[in-house]
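After the structure tokens below, expect a handful of questions from me.
For reference, chains read A, B and C in written order, and residue numbers begin at 1 within each chain.
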Amino acid sequence: MITRRLFCAALAACSLLAAGASQAQERFITVASTTSTEQSGLFGHLLPIFEKVHGIKLRIVALGTGQALDMARRGDADVVFVHDRAAEEKFVAEGYGVKRQEVMYNDFVVIGPKADPAKALGRDILEGLRRIEAAKAPFVSRGDKSGTHAAELRYWKAAGVDLAAKKGAWYRDTGSGMGPALNTAASMNAYILADRGTWLSFRNRGELGIVVEGDQKLFNQYGVILVNPAKHPHVKQADGQKFIDWVVSAEGQKAIADYKIGGEQLFFPNARR
Amino acid sequence: MNAWLTMENLGLTEGGTRIIDDVSLALGAQRTVVLGPNGAGKSTLLRLIHGLLHPSGGTLRWARPVSQAMVFQRPVMLRTTALANVVYGLKLRGLAADECERRARQALAHVGLERLAKRPARLLSGGEQQRVALARVWALEPELLILDEPTASLDPASSREVERIINEIAASGTRILMTTHNLGQARRIAEEIVFIDRGRIAEQTPVAEFFKLPRTAAAQDFLQEEMP
Amino acid sequence: MTEFNDAFLTAWQLLALSDARLSAIAWLSLRVSLAATLVACVVGMPIGALLAVGRFPGRRVLIVLFNGLMGLPPVVVGLLVYLLLSRAGPLGQFGLLFSPEAMIVAQAVLVTPIVAALTRQVIADEWSEYREQLRSLGASRSRAAATLLWDGRFSLSTAALAGFGRAIAEVGAVMIVGGNIDGVTRVMTTTIALETSKGDLPLALALGFILIAVVLAINAVAYALRGWAERHWG
């Protein structure tokens, strides 16, 4: 029964493969974070430095801020590293987070067609948005309850544009991450609010360029929170706290400042120690 | 002749057609061949007796419980060796592995296929496959062997070989109940002929008498057509 | 179509340099999807065989159910498995979320109905041919199912391959339960999704070509093996 033996050998090999898929137990913490930090390459830069110092691996799950916080609420992360202050404070107030600490900021930019049909070019985010709406120029929104989406909605409100009333064919709610939304904007030649980091590492730019930048209001604060072990006892409290302590330490802050794309610094450390 | 099987008013209706129609028959011969035109219900009758089909009416009464086995027109060979095909039937009877193998080898030797024991069964010729099928049932040592046109798709040489094996099985004391299209074969094997026509038993006659002068017109027509 | 040229070029470069990260990702993809397919076969093939051979109430309903579940959306499976494995879920205490095991579970759930439904088809055809012979030899229905599974092993390889193809090509389920963690749960399809969202379309497409090549190669090997086995066993 040569084939039967072969068959059994194949089965055994497959089982070994399956067993091999389980990684050797290593020391790690799970960080729920945002696409902006992951896709800009910041974590790729920070991970090896932190691991070298503390021997702890970081497993980054990159989602929108809203999703990241929900994931942590379910107890599926040890640390959250996101950028929506109001949502973060609510998270802590509900008892899911121990304490919110500010880490760094980056800034949002308005990306749009280089030809700038809405004449939105400038420093003033609110004026820029008003002009885009007035021209009914195509605008792509994340629409995914991410930190960037929350920020965009705040800017529209501050600009006095009532989206509920003014929403039309020009305003495209895509319900997607930063990258996919940028891909959509590039193919439609539309305006879009993006974080600078993702924009700088984004390749498929088409005819798009930066239209509005430098407004104080565009600064985007990142916070880091340890998930509350009182709610989820399995949270790796000690190792999670080690990461938080490191990222707000002088050493961690310098590592953040050192990360550059094309000579341009993406994230500006501003932890209060 | 004591009947080992008695059928009373046996019927099978399928989709409104009466395939077996009110058959009452007592089988007592050691070697019985069922003859009849195509579609007369020969195979169906065999399947009813073997238990593969359930009658829609009437009764089948065995004089005493009889172990039986069946050989089909087209042997079904599993994708394994000839030997393993024979072993398979024995295993289903719950025999120990070494006993299965011993009896399977013996049965293959009986049908003259010992040297092909390790060959993939499906790659054997049609005649060799039918002989493996015979070895498979022979190994089970049934008291009754039912054969449905066992040589219909074989060449004359294979056909003769299969016939020889059937005779040997019969000689070992196993009762034979078979159908065939080959009247010469029927004559050589049978003690008694059961002639069936359109689902009904036309006659049940000793073989010599049947081939000399059948009792019914239907059987006479049949013989005339089949033997030019 | 500069994207296509770029993609081909990038694919060749990645292969020529035998990029270590790429091979780790491709290897993880293979391991996860092969393991999921194995689980799906162990579970799905007996189910398919019993659906083909068995006679029990609700059989027809189950057949329709499994045929329908062949089209399970991966995202839905991902979400269900996520909710099961999440710390707040019923199986949360095992901490399996965001691990290769979680991806194996999700893909196995996705693929089992495919394997079961295709197996049922294969075995039902065999059963119509073997039925009388097996019953005559005295095989019970469950024994017949086991016999037919072994006897139909070459045809069943197609069911396994279809399952594997579905597993290795899907992104929705592994993205959710794996989390696309670099070096831990990042597989070919999630990498492609990531590179697409980074706007690096040529790289994403190049990875797509490599994925297709891997799947084709596995199918070619399986096809050759099956051909050899069928010639050998008839």
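Quick note on the criterion: contacts are C-beta pairs under 8 Å (C-beta built on N, C-alpha and C of every residue); 3 or more make two chains touch, one makes a residue touch a chain.
All figures in this text were calculated on a predicted structure; none of them were measured in a lab.
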| item | value |
| --- | --- |
| Chain nearest the overall Cα centroid | C |
| Identity of the chain that, by mean CA position, is farthest from chain A | B |
| Inter-chain centre distance, chain B versus chain C - centres from mean C-alpha coordinates, in Å | 46 |
| Mean-CA-position distance for chain C and chain A (Å) | 32 |
| Rounded Å distance, chain A centre to chain B centre (Cα mean) | 77 |
| Sites on chain C at which at least two other chains make contact | 153, 232-233 |
| Touching two or more other chains - residue numbers and ranges from chain A | none |
| Residues of chain B whose C-beta touches two or more other chains | 80 |
| Chain C to chain B touching residues, read off their complex | 129-130, 132-139, 143, 147, 150-151, 153-154, 232-234 |
| Chain C partner contacts - residues on chain B that touch it in the complex | 47, 50, 52, 69-70, 72, 75-80, 88-89, 92-93, 120-123, 136 |
| Complex contact set, residues of chain C against chain A | 28, 30-32, 34-35, 38-39, 86-89, 92-93, 95, 97-101, 104, 153, 179-182, 184, 194, 196-201, 229, 232-233 |
| Contact set on chain A toward chain C in their complex | 3, 7, 11, 14-15, 17-18, 20-23, 30, 35, 39, 43-44, 47, 59-62, 73-76, 177-180, 182-183, 186, 198, 201-205, 232, 234 |
